[in-house]
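First the structure, in the form of C-alpha cells, and then the observations on it.
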C-alpha cells in the first residue's frame, strides 16, 4: 500500500477509535474484539484475509435481513408489493419500532433452504423489488421515519424480464429518490454488497459494513472472467479490487465497520444482531435534530466527494 | 442460476484491425465497405442499410454542435490508480494506452456548446477509451458538466456509450453511480434539464445512473441499452433471448425511452428539445 | 371488444332471503349453516372453513374498537336527488328503502374511536346500503373523517365495501373520486395517516380513489378488489379468467396490498399500525 | 328541471356570457353559433339532444387528441413509455409550444382505422397509460410547464392484465399526483369522458367540455344494463343521468363549454381546433402569476366543494 494511503489510513483509524459508533462495543466489554478488528484494519488485510471475507459474506449460515429484523424490531409490519406489478421476495420492506421509535426498513433477503432460495431468487432483486423499496422510502419520507437499509445482494438479476422491466432505470431512480429524502438514512452492508443492486439502496447519510461483509463493483468471478478471462481467478480478482471492509473504510467509501462475533456473524445471531443494533442506533443518533433539508444536502455532498481524485497522473 | 454475476463491463471495444474481425468501416449488417470520409460524410450511418456505426466523442461533438461553438472543459483531468490495480497488465498502462489511441484524457468529454444557436452543456462519452467505462474522472467530469449547466442556466445534453463502471477502480467506480445521481438531483433542484442521448452501448453502471434520469431520453437505432448484457443473461438463464433483447427498439416498446432517433435527425431533435426546455427562448 | 363498458357498480347486494339464493348465514364455501349469534361470536367467519361473511358497518365497528369508544359523527347527513333520477324506481325510494333496511343514513359511518386504547378516526362502509355505492354524502363523510383525523392528529382507518360510484347521482358521483383523493392529500400534507382496510368487495370508484391511497393497505381473505368486476371482464375479453381473478390473494401477488389479514387478526393488526404511526406513543 | 336548479343555471349563464373564454368566439364573428349554444343551454336539453351528443361524442370522424396537437402545438415532441413496463398507445403524452410557451400535454387517443383502433385499444388506457401520463405530469411540475389534458376515453379497460397491473390504484395515484402539482392544469373533455379512466387525468384547475362531448360515471349502456337490466335502454339511461355539457355545466362539474363548428367538431377539424385553442389559452391565462401553492390549494378546494349537497332530505 502506498505510503500516502497508509498515512491516511492511520489518521482515519485514530478518528475511528473515538467514534461513538464503537462505544457500544467497548462498553459491553468487547475491547478484545475491537482490538482485533483494529489490528486487522491497520495491517492491510492479506489476500487470504480478503478471500476469507468473501467466503464469510456468502456463508450459507450468515444471518439475513429478517434474522436481524426479528431480533431488533418490535411491532414489525412487513410491506408487500410495488403497487404496480408484483411483490419481489428478494427485497423486504417494513415498518417497525427500533429502540422505541418507528423506522422503515428495506433489505435484501436471501433464502435459507432450497425452496426459499428459489422463491427469493438468491437474493437478487427484480425491478419490482426496487419498486417496493422505493414505496417504503416514500412512506418514510412522508412520515419523517428514519430509514434503515440492509444490503445483501450478489448483484442485480441477469434475466430477460428484469431487463424488460427496466432494471437499469429502476436502480437509477431508487438512488435518485434516496438523494431526495428528507429523513435520515443509515445503510449497513451485511453480506454481499454487489454492484448496482447494492447501490440502489445504499445512497445513505451513513454507510456501515459488517466486519466480514464485502462491497464490490462486480463479483470477483465476474471481474476474473473479464480481466483474467477465467472466472476461476476470482481470488486474484478479489485481491486486486479489495472488497473487504477495511479497504472500503480506508477508501472513504464507508463510515465505520460493525464488529461481528468470532468467527463470524453466522456463529451467533443474537450477538451479531446486538452489535448491529448498537451501530445502527448510534448512527441514527448522529442525525437527530438535523433538518431534512440539511440531511439531503449533506448526503449529496458526501457522495459527490467520495474518492475525490487527489492528483492528476 | 449463478450467484456470481458480472454486472459490469462486458462489451469491450473491438480493437481496430484485430485479426479475424471485420474492418471497422465494413458494415456488420449488410457487408458494405466504405472509405472513412464516406462514412464521416454520412454521420457514420451505412448509406445502404442504415446501420449506425459507433461515433467517437470528438466527431459526435462536431456532428451535433454549431461550428466552433464547442469549448471543452476539464480537459486536464486524468485518472490515477487508487488500488494499484494489476490484472494481466497494470491499470496505469491501460490508461496510457487508451489516451494514446483516442487522443482523449478520459472516457468522457465535457464542455459548453451551442446547437442551432441554443446554448447548452455537453457531456459525451468515448467508448474507445476503455470501453467507455466510468471511473472517478468520468464521474467527476459529469458532475462538473451538471455544475456548468446550472451556473449558466442551460440544459445539459449527455451522449452515453459505456460498458459500465470501471472495475480497475474497484468500489470507487461503483461510487460514481450515486455521485452522478446526486449531481443530477442538484441540477434538477436548480430547475435544470438533462437530455439523455443513449448511443450504443449504454449499459450497466451508466444506464443505472445518470443516463436513465434524463428529463427526456432518446436512443439511437439498434443501440444496446441493458443493465446486463445479452451474453451474461444467456449464460445465466439458458433461455433463448428475444431477438431484439436489450436493444433500443425493445426499450421503446417496454417504456424506457421516449424516442428512437436516427442520427440524421439527432441534431434537429436535440435542438427542438433545447427550445422546449428553454421555454421557447 | 366493446367500447361501451360499465366500470361502475356491478356487485349488488344479494337481497336477504331472495328466492333461489342461499340463506345469508349459510356458508357459500362449505355449506355449513349457523345461527346468527354463532356467526357473530366468530366475527362472521365460518368456523368450519374460514370463509369471511360480510360484516355490517355497525358490527364492524364493534369488532374493531374498544368498548363504548366509538362516537359517531355526521350521522344526520342524508343524500338528496340532484338529477331527479328515475330508472325502474325513483332514486329517493331506493334511498328510503336502504335507510329502512340498514338503519343507516348512508353507505358510510364515520366517527372517532379507540383501538387498544389508541385513538383514531374511523370511516366504515356499509355494502347493504345500495351496494356500498359512493354518492355525494359518502364522499362528504369521508372528507369529514379526514378533517377529523387532521384536527385531532390521529390516524384515519377506513374499512371499505363498495360496488363503486352511485350512478343515480350521475357525474356528481364520479366527482367523489377526486373529492376523496383531495381530502387524502390534505390529510397527508398535515402529516396524517390513512390505514386502508379493504373488505369484500372494494371495487370501481372506491378502489380507484381513497381506498388505494392508504399508507398501508390490508385486505380481508377472499375479498374481491378489482376496478372492473369479473363478469364484465369475462363478457368483454371472452378469455377464461384466472381462478382468483381480482381477489385479495391475487392483489397481494401482484403487489397491490401489503397484507391479507384474517378477521381474527384485524383488530391487533390495526392496533399495531396505529402504534407505529403514532410513533410508539 | 327544478325551479331552484333553473335559477342557478340562469345565473351561471349570465356569468358565462361575460366570460373571457368565449371572447375568441365572439371576436371572430361566431356570435350566431354562440347564441345557439347558449339557447341550447338555457333550454334544458331534451332527451333527444342528449342522445345526439352521445352519438357525436362517439362519432367515428370526431377529431382526436393528435388532431388537435398537430394544429395547436409547435415543436411537438412525444414522450413514450411509463419507464416501467410499456408504452400504452391509448394515451399520448408530450411537450410542445402552445402560444409560444412550453406546455405538457396528456390525452387519450383513439384510432381512426381498424388497425389503429386495435393498436390504441379503442382509446381505453391500461395502467401503463396512466403511468405515462403521470411521468409527463411530474416533468411538467419539475419545470413549471402548464399541463393540458384532453379526455376522450370510453372507460378504463376491462381486462385481466389491466386489473393485475392495478388499474384501480393507478387511477387513484394519477389523481393524487394531480392534486399535488404546483403547475396550472386545464382539462377539456373532447369526446367521451368515461368514468375512472376520464377522472384519472381530469383533476384540473379548470375543466372544460366541448359542446358535444359527454362526461359520465358509467356508459349509458352499462347503466342501462344494471338499472334497466337491458343494455338496449341506453337512451333512457342517458336521459336519466344527463352526461351532456349543458347539464355538467349546470351541475358545476365543469367551468365552461367550448363551442364546436356546426354540425359538430368532425365537420371542420381546423375550426374545432381553433375554438379549442382559444378556450385552452384563455383558461391558462387565468392562472398566470398564481403561485404553485395557491394553485394546488384552490384545486383541492374546487373538488372538495363540487356538488355540495344543498339540503338534507
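Going in written order, the chains are labelled A, B, C and D, and every chain counts its residues from 1.
Just so we're on the same page, a contact is a pair of C-beta atoms (placed from the backbone, for glycine too) under 8 Å apart; a residue touches a chain by one contact, two chains touch by 3 or more.
Computed from a predicted structure; not experimentally measured.
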Shortest path length from chain A to chain D (each step joins two touching chains): 1
Gap in Å, rounded to a whole number, between the CA centres of chain D and chain C: 29
Gap in Å, rounded to a whole number, between the CA centres of chain D and chain B: 41
Residue numbers of chain D (touch at least two other chains): 83-85, 131, 164-166, 169, 173
Multi-chain contact sites of chain B, meaning residues that touch two or more partners: 254-256
Arrangement of touching chains [line / ring / star / complete / other]: other
Those chain pairs that satisfy the touch definition: A-B, A-C, A-D, B-D, C-D
In the complex, chain A residues that touch chain C: 75, 77-87, 95-97, 100-102, 128, 131-132, 139, 142-145
Contacting residues of chain B [partner chain A, same complex]: 1, 3-10, 12, 76-88, 92, 95, 136-137, 140, 143, 165, 167-175, 177-179, 181-186, 203-205, 207-213, 225-228, 232-233, 236-237, 239, 241-242, 245-246, 250-251, 254-256
Complex contacts: residues of chain D adjacent to chain A: 83-85, 127, 131, 164-166, 169, 173
Partner chain D, residues of chain B touching it in the complex: 188, 191, 193, 215-216, 252-259, 269, 272-273, 275-277, 279-280
Parts of chain A lying in touch with chain B, wherever the complex brings them together: 1-2, 58, 122-124, 154-160, 162-169, 171-173, 175-176, 178-180, 194-200, 202-203, 215-223, 225-228, 231, 234, 236-237, 240-243, 247-248, 251, 253, 299-300, 303-304, 306-313
